[in-house]
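Below are two complexes that have subunit A in common, paired first with subunit B and then with subunit C.
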Partner chain A sequence: MKHAQAAAEFIADPERAHWHDQALWFVRAKRDKAAQAVPEWEQLRQVASQIKAHTMGQLADYLEQFDARASALGVVVHWARDAGEHNRIVLQILQQHQVRHVVKSKSMLTEECGLNGHLEQHGIEVVDTDLGERIVQLRGEHPSHIVLPAIHIKKAEVGELFHQRLGTDAGATDPKYLTEAARQHLRQEFLRADAGITGVNFAIAETGGFVVCTNEGNADLTASLPKLHIACMGIEKLIPRARDLGVFLRLLARSATGQPITSYSSHFHGPQPGGELHLVLVDNKRSEILASSDFGRALHCIRCGACLNTCPVYRRSGGHSYGATIAGPIGSTLNPSHDPGAYPTLPYACSLCGSCSEVCPVKIDLDHQLFTWRDRLVRQGLVPWWKRVSMRALGLVLRSPNIYRLTGWLTRNVGRHLPRWLLYNRLNVWGRQREIPPLPKKTFAELYAERGPVASRGTQSQGEGSQLDEGRRLGESGAGEADRENRDVQ
Partner chain B sequence: MSSKRAILRQIRQNAPPASDLPSLESDWLRFDDPCAQFMEAVEQVGGRAIRVRDLAALNTSIASLQVTQDAKKIVSILPDVGRNDVRLSEVDRPHALEDVDVTIAGGELAVAENGAVWVSGAEIEHRAVLFLCQHLILVVSTAAVAHNLHEAYDRLTGLGLVGRNGGADQDELEPHQSGQYQSGQYQSGQYQSGRAIPLAASSYGLFISGPSKTADIEQSLVIGAQGPRTLTVLLVDALNS
Partner chain C sequence: MRVGLFIPCYIEQFYPQVGLATARVLERYGATVEYPHGQTCCGQPMANMGCSGAARPVAEHFIDLFEDYDYVVGPSGSCVSMVRHHYDGLVKDRRRQEKLCKKTFELCEFLHDVLEIRHLEGRFPHQVGLHQGCHGLRGLGLGSPSERMVPHFNKVRSLLESLEGIRFSQLERPDECCGFGGTFSVSEEAVSCMMGQDRLRDHLRAGTEVLTSVDMSCLMHQEGLLRREATAGSGSGHEGKGLAMRVMHVAEIMVESA
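Showing the complex of A and B:
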């Protein structure tokens, strides 16, 4: 489905859309505070970006090093070309161990591969143990956010869900009470699990180990109670040195939720005593995306979710409107890289405000990528006919000064007298939620000519200059951005 | 062709231009009083930090905590620290530790910047006991407080304080055979600031910063998600005396 159509469903409930927007802006504000408390924040971003760029340049060597070191630690390393192979490998490991019941901590990769459905088809029960993921799982949904899976769901809905599924009191909505109920429920699941599946935040080439970050501690219970632990990771999660973690762990949680670090940052180097540890390295088109000088840098992503939280479009349209595992700005470039034909509207789910690139802890040029995607989609003929026609018409107008002036004259003198039904008909997609601003009587060129020669207005232009500076300063500060936001809403 | 070979070949074909791996040496964030900053950071992430003088004061402090007074079952991984009701070596499956009220464990490193304590799994028979318990108490020496995470990883990777000037070569650290590390060093009170703790020598180790928490229901912070409901960190000035 197109993003705009899916988003229309979400914003049909304005109160909920506003609440969603506010909840995410709150997280964004916490991120700002945390980032500003670190004096070397920009340096950290720069170093992180350089580490990622370097790693991608030598990814094959690092993967081989990682494979060798991990194997030496007793990890069974598997390689999967695509989602299907990943799912088959995991299923096979589980079947070999006669596993019936699996607990799983958060892994966007297994979402991307559709692992849960595959395992369930083969009679294996999978329980997601991150609270947010458990909520969406019980609702038969998918996460709407890579860090906050249930951000689109209200506590009353969680209360109703838990009342039906976990037997909590009818009408109870207190997050503390509901979290306690989930704790009791999930603890039983941990205790009866035959195997645990986790994701991977970072894998270390030089040691063969990997790191999993959670706040709830669910990954550690997942990987400690059952003897069998399977970790699934995309090949882009690699970093060269253990010391690089100092950079990435300082950035990750601050960017994600404004915490200085997650509650638990667990380092796995080999299986637990008497246990078994399998690691599945998944390509699933990443090695193809790597080749793109325009979009390859999207693989630097550490999945903090900061670009989602700051995105004015994501906040107002909800994660499910993207129709993909990864939503928000990063998803809008990654998903078309996977399949441009399936996600041609996502690069347009963007106002090109550039805020995503500003908050990205590894400095991915997200807004540039989305802009470049639009160019690519037009060239590939993947935009609708009316957009192609109207863009061609606009090109014509902007190329010729005479047609440009004529169009302006017509708009100002005829346009203002046109009836509403003609201006706001079905063809005017832009005007569905917006009013055309009042049309000025005079053109900029006319106003400029009236002000006389530039030389005679020395003092005036100085005044204008400082006003401009003022605007720029405001734009840079958080308050200014919030202002812009508000205007945006109106 | 195996998947591994196919993937590696495609990556080599598509690799972006080579670039340098940046140095991690820099004037990273430091604090005038890292211990005080650490304690503040622990409180900020929802934990509690208490500083005590020596082993005797440590035991008095632990005994006076509400969570230990209320506890029916306490697991102390540290000899001579707190009460221990369970011999972990006699426990077959970690599932039997489901009803542990309080776990007391040693931290080898603390990070002033973020209130995190490094706990090595090498010393713990069943690592699940760190998460199954209702309340967690970590004991760490004031000498083990690092200013920031970079410094912490320098120590964890064996660079320590010496290696920062190029003393130790990363590649010499063979993860599965770094013999310098002996489990039990903490217990024997040999901990010294800057001692190398090779990361990969233990199959498991983690930074713990605050208690288990979640904000997955309407962004309301709830302490006590799946793991410990409280975290108390005891900083000890003279752990050896």
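Showing the complex of A and C:
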């Protein structure tokens, strides 16, 4: 579905849309406060951006270094070209260990690859252990936000869901009570699990270790209770050295939720005693995207979600309106990079306000990328023909001063005399909720010419003020006349 | 100092008084203003849509008209941002494009940075709600956006602040987008209008009497919403008891206050 259509459906429930907007704006405000408390914030962003650019510039070398160091620590490293290969590798490991029941901590990569569905098809039960992800899993949905997967769901809806699925009291909405119920439920799942799957926030080439950040500690239980741990990471998660980690950990939680640091930053260096640790490095088009001078920088993303929280469109349209694993500004550039034909409306789900680029902790030029995407989509013929034709027509009008003048004259003079019901017809999308601008009798060029020689002298004269007032009066009288016409019609 | 007056198409057609006010402000502060005839548009609507092929000749025409002036000044942060940031790669001759970009300014930016004006003569005893157009704020750097952790500054506000009697609304969201966004206002109509209504609510709550901006396009969108509210409120298809606040471009405030 087109983003605009899905967004309109979301907004059709204005109360929910406002609630969603305010909940996320609250997170953005918390982020501002946390960032303000770090005097070197802008320097941190700059350094983080440079580290990422450096790493991406020699990613192949760093990946090989990481593979060697991780293997030396006893990690079994796998390389997956695409989502299908990733899913096959994970399934194979699980089947080799006769696993029937898997717990999983949050990983947008496994969402991207559709791992849960693949494993379930092969008779393996997967339980997401992040509270928000568990909620969306129980509802049969996908996360609507990369950090806050269930941000689109209200407390009462969670209460109803838990009542049905976990046997909590009917009508319960107390977050403490519901969280406790989820906790008890998940404890059983952890104890029952034969294997645990986690994502990776940062992998360190120099040490072969990796870090998983959570607030619920569920990644630690996922990785430590079962003897088999599989970690899945996109190849862009790499950083060169352990000392670079501090830069990103300081930025990540502050940008994401306004916390100084996530409650748990768990470091993994090899398998637990008597256990196995597998790590799957996934490309899935990343190396192709990396080669793009326009869109490659999107791979610097550390998945903090700050661009979603600040995006005025995301806040008012909800994550599911993007119809993709990753929503919001970062999703609007990454998804077309994966498949432009599947996501041609996402770069247009943006007013080009630029807030995303300013809030991004690694300084991705998001709004610029979305602007550039539009050009690419038009070139690839992925924008509806009528949009392209209307822009070509507008271009023809605007390249010729005479046609422009004539079109302007017609618009104003015809528009002014049209009855309201005709002016605000079904095709006038602007006029659904807005009045059209005033349609004055004279244009600026005409009024300016009437000012006389004053214009070119660059001095003030007595008459000038009255000329200006004249312009204002004329401008207003145009609108007034239109109103009178309307009144007659009504 | 010969200043080429850059009047964006929708101001030329719908808001001529804003163009006249701009000319008058520039003249008052000593610029020799010329309005090159045959102006149309900067090309932004097409470029925004991704139709650079349609935008190119319009941008070339713009350069032909304006390249001989010492400065090019226009009352729109968005259109100036288009010329400054998106002509690169759009027009053929890079040298001409670079030269033009360096001398094209938004009105307040020109007053503040080129003419180095720090004080406006005049009195404007009203509570003003300053809408920060995104392309002026984040594109041209007219102020420090709320996302950035840098020392606070705002060129537009600091100019207006020097007017006697002026007060400013304290907004909950000081620089959130109003949702105009050019073609976005139509292609994402539902989101666009909700964004605009949210901005207006913030202004009403803060007690804004006069809503102003360096961008008439943002104001056109918000005024459209306000006027519809007034129309709907009167229940008769024509405007009832007037708008909840006055809507003025900053140039109009500068003229009216003088």
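One rule holds in what follows: the second predicted complex is superposed on the first by the 420 of 490 C-alpha atoms of A that agree within 3 Å, B and C clash if a C-alpha of one lies under 4 Å from a C-alpha of the other, contacts with A are read in each partner's own complex, and residues count from 1 in each chain.
By our rule, a contact is a pair of C-beta atoms (placed from the backbone, for glycine too) under 8 Å apart; a residue touches a chain by one contact, two chains touch by 3 or more.
Treat the numbers as computed from the prediction; the structure is a model and nothing was measured.
Asker: Scan A:359 for contacts with subunit B and subunit C and give back first, second, both or neither.
Answerer: So A:359 only meets subunit C here.
Asker: Using the touch definition from the top, say if A:38 reaches subunit B (first), subunit C (second), both or neither.
Answerer: both
Asker: Once the structures are superposed on A, label A:135 by its partner contacts, choosing first (subunit B), second (subunit C), both or neither.
Answerer: A:135: touches subunit B, not subunit C.
Asker: Just to be sure I read the superposition right, which of the two partners does A:269 touch: subunit B = first, subunit C = second, or both, or neither?
Answerer: Once the two structures are laid over each other on A, A:269 reaches subunit B alone.
Asker: Once the shared chain is lined up, is A:13 touching subunit B (first), subunit C (second), both, or neither of them?
Answerer: After superposing on A, A:13 lies clear of both subunit B and subunit C.
Asker: Counting only touches as set out at the top, which of subunit B and subunit C does A:208 meet: first, second, both, neither?
Answerer: first
Asker: Considering only the contact definition stated at the top, list the common interface residues of subunit A for subunit B and subunit C.
Answerer: Touching subunit B in the first complex and subunit C in the second, residues 38 of subunit A appear in both lists.
Asker: Hey, which residues of subunit C end up touching subunit A in the complex?
Answerer: 7, 9-17, 19-21, 23-24, 27-28, 30-35, 37-41, 43, 45-46, 48-55, 57-58, 61, 86, 134-135, 138-139, 145-150, 173, 175-177, 179-196, 198, 220-221, 223-225, 227-228, 231, 236-239, 255
Asker: In the complex, go through subunit B and note every residue touching subunit A.
Answerer: 2-4, 6-8, 10-22, 24, 26-29, 41, 44-45, 94-95, 98, 111, 113-116, 121, 126-128, 130-132, 148-150, 152-154, 156-157, 159, 170-171, 175-176, 199-220, 222, 224-228
Asker: What part of subunit A is in contact with subunit C in the complex they form?
Answerer: 3-4, 7-8, 11, 14, 17, 21, 25, 32, 35-36, 38, 41-42, 310, 312-313, 316-317, 347-355, 357-359, 371, 373-379, 383, 387-388, 391-392, 394-401, 404, 408, 411-412, 420, 429-430, 432-440, 442-448, 451, 455-460, 464, 467-468, 471-472, 474-475, 483, 486-487, 489-490
Asker: Given the complex with subunit B, which residues does subunit A contribute to the contact?
Answerer: For subunit A paired with subunit B, touching residues are 23, 26-27, 38-40, 43, 46-47, 50-51, 53-54, 56-60, 63-64, 67, 69, 72-74, 79-81, 85, 129-132, 135, 148-151, 154-155, 158, 175-176, 178-180, 182-183, 186-187, 190-191, 206-209, 215-218, 220-221, 224-225, 235, 240-247, 249-250, 257, 259-273, 281, 283, 287-288, 290-291, 293, 296.
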